[in-house]
Amino acid sequence: MDWVNAIVQGILLGGLYALFAAGLSLIFGVMRLVNIAHGDFIVLAAFLGLTITTTLGLSPLVALALVVPVMAAIGYVLQRGILNRTLGEDILPPLMVTFGLSVIIQNGLLEIYSADPQKMSAGSLETASLSLPGDLNVGVLPILMFVVAVAVIAGLQWIFYRSSLGRAFRAVSDNQDIAQLMGLNKAHVFGMAMALSLAVVGIAGVFLGIRTSFDPSIGPGRLIFGFEAVIIGGLGNLWGTLVGGIILGVSQNIGAQINPGWQLLAGHLAFLFVLAVRPRGLFPRID
Amino acid sequence: MTTEHTYSISRSSKASLIAAVLGLLVLVVLAAAPLWAGRADMRLLSEVFLYLSLACLWNLLAGYAGLVSVGQQAFVGFGGYMLFALAMFAGVSPLAAIPLAGILGALVAVPVALLIFRLRGAYFAIGTWVIAEVFRLSFAQISALGGGSGTSLPVALVRSIASSRSMREATTYWMALGMAVLVLVVIYALLRSRKGLALTAIRDSELASQSFGIDIWWHKFAVYLITAGLTAMTGALIFLQKLRISPDAAFNVNDWTAFVIFIVVIGGIGTLEGPILGVIVFFLLRETLADLGSTYLLILGAVAIVVMLKAPKGLWGMLKERTGLELFPLSRRVVKNKT
Amino acid sequence: MADAVLSTRSLEAHYGDFQALFGVSIDVYPEEVIAIIGANGAGKSTLMRSITGLLVNKPQMVTWKGQAIGALRADQIARLGIAMVPEGRQLFQSLSVEENLIIGGQVGRKGAWSLGKVYELFPVLKERRNIQATSLSGGQQQMVSIGRALMSNPDILLFDEISLGLAPIIIKSIYEALPTIIGEGMSAIIVEQDIAKAVSVSSRVYCLQEGRVSLEGRPQDLTRDAISAAYFGV
């Protein structure tokens, strides 16, 4: 029974990992940008949520209504102010600049909040659980997070393939020059892509903060989980990130079930295994 | 009256000759440091040399072979752990264990490269990070090496390096200096060889060099292995100096990669001089600002961003553009000889 | 004569250290179709990239209805009513046929052209509207590219090498459709390597050679010899 439980919990955890991954996948799809500070933005969003819940006395889920637009705004300004200037043939400038941002965010958070682990409380929701047949107890909160993750990915999928913004994303991704000839301002489209990416990061950060304790140093680890989910699922495939997240979550939980020290290692090994047998991921869409 | 000219290809210039003479002088002065420097100064200098060697190696990888790695801590830590393991369990003397750690580092880089070379560009970078994490988590599982909390080098082994403390310190100092010189010589020789020419071609245009029949994959693979081996040797020296190792210290991304990248970016990527200038700037900043703690890192991150945006070729790149100065004669120039 | 709608004045263009245009001055008058001919590498496409803003110039180097637009971004210029059918068609491969057309209309200019009108002009596109644009044949892709430009209801349409890589019969039908495409109140610039084709639909011709205008005039005033001298520089 422990095993079934571990797998079910792993699937639900996969939803959170898919949220880490979706924003990363989105900006890579639109502008081939990899944001090394992605994980640190997740942690930033968690701290933002913490500040809002403690100062305004709101529940974390209500705080999302503030965190998400603030993160989106940060994303837009960051892209137009700094990151657009780094895009080009050379992959080094965006990599170095986001690496620098990662260091800045980590140490900025350290200055403000100290290194102490923090956690957000979602009240009674945290302890509520559903009893499933076969003696399985599943928390309401993990289920809620998983459902939200699926909804977010469905929403992103809709935006990407059914909205005019998504059309602009795909057009700019295909051919930046010709897209400009269609009246699309590349700088703005990229800004919107980053805004959307960090909006998802906002949700991911608040969920992370409710689920586990967090401190300023854990960002890079979240980046790696998100990255692994993207690669396992296949580049450019949003639903793939959900599959990737689930595979990662299940692997980690199975690893932990065997030996608590193997939790993270099992996830990484699952990633390396996929990389070895299917280098382009399970469901690739971009070369 | 006509003057006849013949032309020849030369790499050296007056500046590079002067630099070579000055470099040798500096080397002699530095080698004599145990005679004139205090204990703390020697420790600091050793650290400078080891960072210089890490920075030159990362520069070779990213600046010349186009392999941007943020996971070189994998090999630093691996080298450190190999030194401890060889010395503690195989009875190898710590000094002999250093080159062995380098060979093992290059060997372990083979399967690593086969895996992560499937990833491109920025995803390659994060892939190298995953590998470093795998190394960290794996060494944390080895209880003989202290597991998650790490282990210290037994006193008997430390004594075996040299009998007196000052002699030990001089030995590790000389080895750090030797490591930096070795790395510089290897990279310089590599870049001056045919392979180096191919690497420069690959850096300038992968497509064009492919059409000239340069096998890009093999060149990158070779550079990755050489870098891994030398990085592991440097790692072994770092932890020989610390005498204590733990997974978190050995595979620390900030210490062994972030700082190294900042050094190269600030100094100037893709030049041999850049990391040397960068390491000097880095230690000057560190020695003046380190008391600020996390603010110091904030400043460092901001400096790196500004340099990348405003002067992507770094300080040395700016200097070279204005003066044409080149201390390591790598580029060939046509020289007119009067006859 | 009325004032030119579009002019370039002493236009220069550089790719890094390489200078591609040396002081090119051309004019397009209202409802006029001009042709720009020249050999490969003469600077024709560079001129188009400069006019549409894909290459940035000094403000006064390009004027549109009296406004200096040389330093505007490509998307700003597109909104002013300057559209281009680019060389090699360059459809968006992740967009369907219909999405390619819709994105052309995204600049939001009012006018006669709409999705329905484009489908009327090219009925085959309506049948295939939901498939990936780049899976069409070359000729059909050219239709999408033309339709995409028309969807913005431009005041001037730039055709960059529209016959390149297409079968002669397709080229013929496209040239036959040009009078319908370049409707009332619209001007056009036709860039071609094929001199006869270009001359047949235009009222004035500019010949470019090594980044300079080597000849200009009305087709009937130009002799074959003058044109080949201007074209090949012999």
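Which chain is which? They are A, B and C, in the order written, and residues in each are numbered from 1.
We take it that a contact is a pair of C-beta atoms (placed from the backbone, for glycine too) under 8 Å apart; a residue touches a chain by one contact, two chains touch by 3 or more.
Only a predicted model underlies this, so the values are computations on that prediction, with no experimental measurement involved.
> Line, ring, star, complete or other: which one describes how these chains touch?
The chain contacts form an open line.
> Farthest from chain C by Cα centre, which chain is it? Let me know.
Measuring from the centre of chain C, the most distant chain centre belongs to B.
> Looking across all chain pairs, point out the one with the most C-beta pairs in contact.
Highest contact count among chain pairs: A-B.
> When you average C-alpha coordinates per chain, which one falls nearest the overall C-alpha average? Tell me, please.
A
> Express in whole angstrom the distance between the two chain centres, defined as the mean CA positions of chain B and chain C.
For chain B versus chain C, the centre distance works out to 53 Å.
> Could you put a whole-Å number on the gap between the CA centroids of chain A and chain B?
33
> Just give me the whole-number Å value for how far the CA centre of chain A lies from that of chain C.
44
> So in the complex, which bits of chain A are touching chain B?
Residue positions touching the partner: 32-34, 36, 82, 85-86, 90-97, 99-104, 106-108, 110-111, 220-221, 223-224, 227-228, 231, 235, 261-262, 264-265, 268-269, 271-272, 275-276, 279.
> Where on chain A is chain C touching in the complex?
For chain A paired with chain C, touching residues are 164, 167-168, 170-171, 173-175, 177-186.
> Chain A touches which residues of chain C in the complex?
Of all residues in chain C, those touching chain A are 52-54, 73-76, 78-79, 83-84, 86, 90, 92-95, 99, 102-104, 106-108, 148, 152.
> Would you mind writing out the residues of chain B in touch with chain A in their complex?
Touching chain A: residues 62, 68, 70, 115-116, 118-119, 121-123, 125-127, 129-130, 133-134, 137-138, 140-141, 148, 253-254, 258, 261, 265, 269, 294-295, 297-298, 300-302, 304-305, 308-309, 312 of chain B.
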